[in-house]
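One chain, chain A, links the two complexes that follow: it is found with chain B in the first and with chain C in the second.
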Partner chain A sequence: MTVRIERRLTQPHWLKVAVPAGSLVVAFFLIAIVLLATGHDPAATYRDLFEAAFTAPGALTQTLIGATPLIFTGLAAAAAFRMNLFNIGGEGQLYFGTIGASAAGLLLAGHSAPVLIVAMIVAGFASGAAWALIPGFLRAYLSTNEIITSLMLNYVAGLFLTYLIFDSHSYWRDTTSASAAVFPIGKVLPDAANWPTFGSSVVIPFGFLLGVVAATLLWVLYSRTRFGFEVQVMSDSPRAARYSGMRTRRKILAVMALSGGLAGLGGASQVGDFLHTLDADPKGLRAYGYGYTGIVVAALARYNPFAVVLIAFLLGGLQNAGAALQGPDFPSGLVGVMEGMILFTALGGELLVRYRVRFARRRPVVAAAEPKTPASEAAR
Partner chain B sequence: MNNSILVVIVASGIAYGTPLLFAALGELLAERSGVLNLGVEGMMLVGAVMGFWAVQTIGGPGRTTLVLAVLVAAIAGALVALIFAFLVITLRANQIVSGLALTIFAGAAGLSSYLGNDLGLADSPAEHQFEPVDPFGLADVPVLGPILFGQTWLIYVSWVLVVVISLYLNRTRPGLNVRAVGESPQTADAMGISVSAYRYAHVLAGGALAGVGGACFSLALTPQWVDGLTGGAGWIAIALVIFSFWRPELCLVGAYFFGAFQALPFTLQARGVTIAPELFQALPYLMTIVVLVIVSSGISKRRLGAPGALGVPFVREER
Partner chain C sequence: MEPTAEPRAVDLASRAARPAIACRGITKRFPGVVANDRVDFEALEGEVHALLGENGAGKSTLSNIFTGLYRADDGELEVFGKPVAFDTPRDGIDAGIGMVHQHFRLVMPFTVAENVMLGDHSDVGRSFVLHPRAIEERVAELGERYGMAVDPRARIWQLSVGEQQRVEILKALYREARILILDEPTAVLTPQEAAALFETLRAMAADGRTVIFISHKLHEVKAVSDRVTVLRDGRSVATVETETSTLQSLASLMVGRELHTYRRPEEAREIGELLLELDGLSAQGDRGVEAVHGVSLHVHAGQILGVAGVAGNGQRELAEAVTGLRPLTAGAIRVGGVPLHTGDPRVAIKAGVAHVPEDRLHTGVAPSLSISSNVVLKSYRSDENSAGPFLRFHRIRDWAVELIRRYDVKAPGPGASARQLSGGNLQKVVLAREFSGAPRVLVIAAPTRGLDVGAIETVHGHLRDAAAAGVAILLISEDLDELRTLSDRIAVMYEGRIVGEVDAATSAPEEIGLMMAGGQAT
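On to the complex of A and B.
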C-alpha cells in the first residue's frame, strides 16, 4: 500500500465546511488527550469552558468584548493574505491605532460625541495604515519581504508606546494627577469620547458593530468590485495581472494601507470602547497579542470576512472563558494550547481541501523510480 | 580597567547574546533547508521550562544534572518543532501561519505556561545553575579577562557549534546537500536528495538548538521559571539570521551585537546615564530591516541572498 496525494482539480463546496468542522472535532479530541495525560477531566473542563464563555450570567458580554479586537485584526490579516501579502504587523498597526485615536480624542476635547467618535475612527484607521505603509512601500518599490519587516515593526511600535508613556513627557502622558506620580499612565480621554454600548442583558460594544460593518464592506470590496477582482488575479497569477496592465505596486500599497487601517480601527476601538486612555503597560493591551491571534482568526476563517466575525466570536469566548476560569482546575496556558491545537488541525485539514489522498497498491514501476535515500547518498 | 564601561558592555553582550546565538544557529539550519520557522519563541520557552524542570527533579551532582537538563531542553525543543515540521513538510501547510500557530501553542500563554504550572516550577529557586568558569585563572587579565574567561560553559559550547555548523555547511556533502535543498528543491530532488528528509532533520535540529537557547535563560542568565521567561528573544533570533546573511560566523558577531543592545540600558542605568532605553532596544529590529532592504535590492542579491526556496513548500508532483 502507498499513500498518494493528488491535487484536486475542483474543490467541492461541502468540503470547505466539512473540513474546518472536522478539524475542530479532531482538535478537541487531541486536547482531551492532553488534559487526560496531565490529570484533568476533559468533559468537566469543556463544560466549564462552554458555560464561562456563553451561558453564565454576563458571559456573552465578556465574550463580545474579547471578540471585538479579534474581528479587526482578523479582517486586517484576511485583507492582506488574500493578495498573498503576509502582513503580520497587525499587532504594531493596532498599537498605532490606539496612539492615533487617543490623540484625536484628547485634541478635540470639548467637541460633541459624534464628532469625537468619527475623529477617533478616522485617526485610528489613518495611523494604522501609515505604519503598515512602511513594509508596504519597502515591498512595492524595493521588493523587500514584508513578512519580516512587518514583524520587526511590531516590536518597534511596542517600544515606541513604552517611550510615549514611560520615558518621555509626551502629549499622551498624564503628568498631573496623583496616581500618575506613582506609576506612569496616559491621560484619560473626555467622557464624550467614550463609545456607546447597546443592550442591557447582553451589552454590545459599539466597536463590535463597527467590526461587523467593516466585515460587510470588506466583503463587498473583495467580491463585488473591480478592486477586489484585481486583487484576486494578482494573488492567483501575478504574471497574468502584469500582462493585463494591472498596477501591482499601487495595489500593494492600497492593500497594505487597508490592512493596517483595519488593525488601526481595532486600536481605536480599544481606546474608545474599553481603555479610554493610551495603554502602554506591557501587562496590559500588549500582553494579549490581538494582532497575532487575528492571523489565526483569518486563517481559520479561510480569509472570508463574515467567517472572521464568527471565528472571532468563538475565540473571544475561549479567551474570555480562560480568563474567567483561571485557577487550579483550569491550568494557565490551556487557552494557548487549545488555540494552537485548533489551528494545527485546521492547517492540516487544508490538505484535504486542496488535495485528494489516495491509497493505492504499490506498483513496481513507481518503486523503481524512487530517489536514493540521503543515507545511501551520504555513504557514497 | 576591567570595570570600564566598554569591557562591561562587551562581556554582558556575550552573556545576553548566547541564547540568541543558539536559537539563531538553529533557525539558520532550518532556513538553509528552505523552511522559515516563526515558532522560535515557542520552542525556546518549552526548552526553558523543560530544562528547568530537569534541573529541579533529576538530582545528583550539579555538573551532570546541568548537562542532562540541556539535553532535555534540546529534546523538548525538537519535539515541538516536530509538530511544525509535520504540518509544513508532510501536509504542505503555510509556513508563516504554522510558525505563528506554533508560538501561540507553545508560547508564553500556551504549552510552556501549562507545563510550568502543572509541574509546579514557579517560585522555586534553582537547584543548580551554570556558574562562570575560569579554567586558566585568567579572568583578571586586563580587558580580555572578563570578556573571554569569566563566562559559563554554554558560551564555549556555542563557539564550537559555530565552527562545526560553518564547516558542515561549507565543507561536507550533507551540508552542501542542505544548501541545494534550500536553494532549489527541484534540482536537489533530481539529484536524488530526499528533500523532505533533509527538511525534517534541519527543522528538528533547529528546534533542539532553540530549546538549548531557552535553557540558557532558565539555567544560566535568569535561573528560575516565570511565564514568558525569554521575553521575545526568539523573535530577535529570527532577525539575527537575516542580519547575519544566513552565515554562522556572522551570527556570532550579530548575536553579541544584539545582546549588547539588550544589556546596554541596564549597564548605562547602573552608571547613572539616562538615555531612553527604547532607542537601544529598537535598534536590532531597525537594523534588521535595513539589512533586509540591502539583501533584497538587486545589487547584492547574488552574493548575500536568502535561500532561494525559503518559505516555499515543496510538492514533488508539481515541479
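On to the complex of A and C.
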C-alpha cells in the first residue's frame, strides 16, 4: 500500500464548506485530548468558551471590539493575496493609519464630528496606502520580493512610532499635561473625533460597520469591475495579463495601495473608536499583532471579503474568550494551544481542498516480466 | 571495471564487433503522445554516435530511458551485451552510463571537486568524512587526460558555461561512465568551445568509451560522429555512416516524410498593400543575450509569410518583439505604414496586431478563468463589454456562447475554465478572440503543435480564411509541412537571423531544411 497525494483537477463546491467545518471538528477533538491530559473537562471548557465569546453579558461587545481591526487587516491581506501579491506589511500600514488619522484629528480640532471622522478615514487610508507603496514600487519596478520588504518595513514603522512619541517633540506628542511629564504619551484627540457607537445591550463600534462597508465595496470591486477582472487575470497568469495589454506594473501599485489603505483604515478605526491618541507603547497596540493575524484571517476566509468579516468575528470571539477563560487553573499557554490547534487544522485542511489522498497498491517493480497491453496502460 | 586505467587503441574491426548499448523496440508513451515508438538503436564501443532529430522527435526521451530516468513501456535494452531493466538513475550510473544534460545539474556555490563528489557512492564517497584531496587529484588527472583543464578547487559560479559543461563530463567520467550521453551539448557553447568539446569527445572515443551525441545541428553531427541514427516522430528512421552521408541526405532524413510528395494547393490569393514591415529588428532573449539580430521582413495583406527554423533560434523572441511583449534593441516596426511604438502589447493590439502565442495555455489564455473571461481578455475595456468600471457579464457570456457556436468549440459551456479544454478547442478559443478583434496583422506561432489531425485542418482553414479576408499573417512554425501548406513565402531563421527567404511553392524542402540546420543556401 502506498499513499499518494494528487492534485485535484476540479474542486467541488461542497468541499469548500465541508473541509473547514471538518477541520474545526478535528481541532476541537484534538483540543479535548489536551484538555483531558491537563485535567480539565472539555465539555465544560467549551461551554465556558462559547459563553465568554458570545452569550455572557457584554461578551458580544468585546468580541466585536476584537473583530474590528481584524476585519481591516484581513481585507488588506485578502486584497493583495488575491493577486498573488504577498503584502505581509499590514502591521506597519496599520501603524501608519494611526499616525495619519491622529494627525487629521488633531489638525482639524474644532471642526464638527462628521468632518473630523471623514478626514480621519481619508488620512488613515492614504497613510497606509503610502507606506504600502514603498514595497509596491520596489516590486513593480525592481522585482524585489514584496514579502521581505513589506515585512521589514513593519519594524521600521514600529520604530517610527517610538520616535514620534518617545524620542522627539513631534506634533503628536503631548508635552503639556502633567502625566506626560512622567511618561511620554500622545496628544489626546478632540472629543468630536471620537467615532460613534451604536446599540445599547450590544455596543457596535463605528469601525466595525465601516469594516463591513469596506468588505462589501471590496467584493464589488473584485467581482464586478474591470479592475477586478484584471486582478483575476494577473493572479492566474501574469504573462497572459501582459499579453492582453494590461498595465501590470500599475496594477501592482494600485493593489498594494488598496491593501495598505485597508490596513490604514484599521489604524484609523483604532484611533477613532478606541485609543483617541497615537499609541506608540510597545505593550499597547503594537503588542497585538493585528496585521499578522489579518493574514491568518484572510487565509481562512480564502480571500473572500465577506468570509473575512465572519472569520474576524469568530477569531475575535476566540481571543476574547481566551482572555476570559484565563485564570489560576487555566494558564494562558493553554489558551494559546487552543488557538494554535484551530489555526493548524484549518490551514492544514486546505490541503484536502486542493489535493486528494489516494491509497494505491504498489505496482510490481520488474517491468520485463509484465506483459504490456493497451488495456493495462489505460488502467494505470 | 577500470577501462580508463590503460587506454587501448581500438581498431575498426573490434569496434564493429562490440556494441556498448543496444535497444530494440523501445516504446514510451506519455498521456496523449507516443514519445518513442519501437525505436531500435545501437552504439558501439569506441565510437561517437550521433542521435539526430528535430525537437520533439524523441531524442531526450530515449536518452532518459538509457539513463534509467524513465522506464520504457516496451522493448529491450542491453548494455555491454547484457539485458538490463533500470529502475532508477542509480542503476544507469552503476551500469556505466553517464549523462550530460542540456541544463547543468551543478551546485553553484560548491567547488568543482565537491560537485563531482555529490552523489558518489563508491569507495571514498561512501565514508562519513569527506576526502576532497583525493577527489581533487582524480579530477585534475581526468581533466588533463582528455584536455579539459578545470581547477578542481574553483567554485562553479566562477566558471564559464563551457567550463561548467566540462565539470558535468568529469562528473560522469569520475563515476566510471563508459557510455556518455550528451544532450544538445553545443547549445550553450561558443564555436571555439564547441570545437574543444569535439576534440574531447574524439579522445574519449579513442579511449574505448562510447559517446552518444544528441543534436539537431547537421554540421556538428557531421563534424564529430562516426555514425548517425536519425529519429523522427518518435521512430528511428535510419542509421547511417557519417562518412558516406551528406548534409543534404541527413536533412531530408530528419525533416521528413511527406516532403517529396507534397504539393501546395494552388489558390489565387489577392496580395494587397504592405501591412507589416519589420526593419532591422533586434531584441534580447530572456538571458540577456541578443536573440534576434537585424530581422527585416515584409508581409502584405492577404499574404502568409512563414518563418521556418529549429526551435530556439529566435522565433519566439521575434514574435514577442512584433507584438510588443519584448522591447526592441534596434530596428522599427511599421503597421500599414505607421510606425509602431514598440514594447507595449496594448499599443500593438490597438494597431490591429493580433497574436496567437506559442504557449497557448499560459500566455494565450488565463488557464483557470472561464471561456467567457478569456474571449474578452483583450476587449473587456470596450463599450460592448463594460459600462463605466463595471463589466457587462451577460453580454460577455452571450458573446462567448456565440463564439463557441461559431468556432465549434467543444466545451461544457462558457463557464468552463480554459484549462479543461483540449488543445484544439483551446486554440479555437484563442483564434476566436483574436479574429473578433478585426486584426490587420496576425502573428501566430506553432499554431498546431500538439493538435490532432482534425483540429489541424480546422486551424489551417481559419488561417486561410483570414488571409483571404486581407489579414497579413506572420506564421512561425517548426513544422515544414505546415509552412509549405499555408505560406506564400518562407523565411528561414537561424541563430536569430533570417538566413534566406524562398518561394514556398517552388523551393525544395531539403533546401529549407539545410538552411534551418545552419547550412548555406545553395
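Everything that follows uses one rule, which is that the second predicted complex is superposed on the first by the 359 of 380 C-alpha atoms of A that agree within 3 Å, B and C clash if a C-alpha of one lies under 4 Å from a C-alpha of the other, contacts with A are read in each partner's own complex, and residues count from 1 in each chain.
Here is the rule we go by: contacts are C-beta pairs under 8 Å (C-beta built on N, C-alpha and C of every residue); 3 or more make two chains touch, one makes a residue touch a chain.
Please read all numbers here as calculations on a predicted model, not as lab measurements.
Of the two partner chains placed by superposition, only chain B is touched by A:V337; chain C is not.
Of the two partners, chain B and chain C, it is B that touches more residues of chain A. Look at A:R239: by the touch rule set out above, it reaches chain C but stays clear of chain B. Of the two partner chains placed by the overlay, neither chain B nor chain C lies in contact with A:F28. After overlaying the two complexes on the shared chain, residue contacts for A:F227 are found with chain C alone; chain B is out of touch. Of the two partner chains, chain B is the only one that A:L153 touches; chain C does not reach it. Note: residues 372, 377 of chain A belong to the chain B contact set and to the chain C contact set alike, using the contact criterion stated above. Residues 5-7, 38, 86, 88, 138, 142-145, 147-149, 151-153, 155-156, 159-160, 162-163, 167-168, 289, 292-293, 295-296, 299, 331-337, 339-341, 343-344, 347-348, 350-351, 355, 371-374, 377-378 of chain A are the ones that touch chain B when the two sit in their complex. Across the interface of their complex, chain A is touched by residues 36, 38, 83, 87, 91-94, 96-98, 100-118, 173-174, 177, 189, 192-194, 197-198, 227, 232, 235, 238-239, 242, 276-279, 281-282, 285-286, 288-289, 292-293, 296-297, 306, 311, 317-318 of chain B.
Within the complex formed with chain A, the chain C residues making contact are 29, 71-74, 76, 83, 85, 87, 323-325, 344-350, 355, 357, 359, 362-369, 373, 377-378, 380-381, 386, 389-391. Touching chain C in their complex are the following residues of chain A: 224-227, 229, 232-233, 236-237, 239-247, 365-368, 372, 377.
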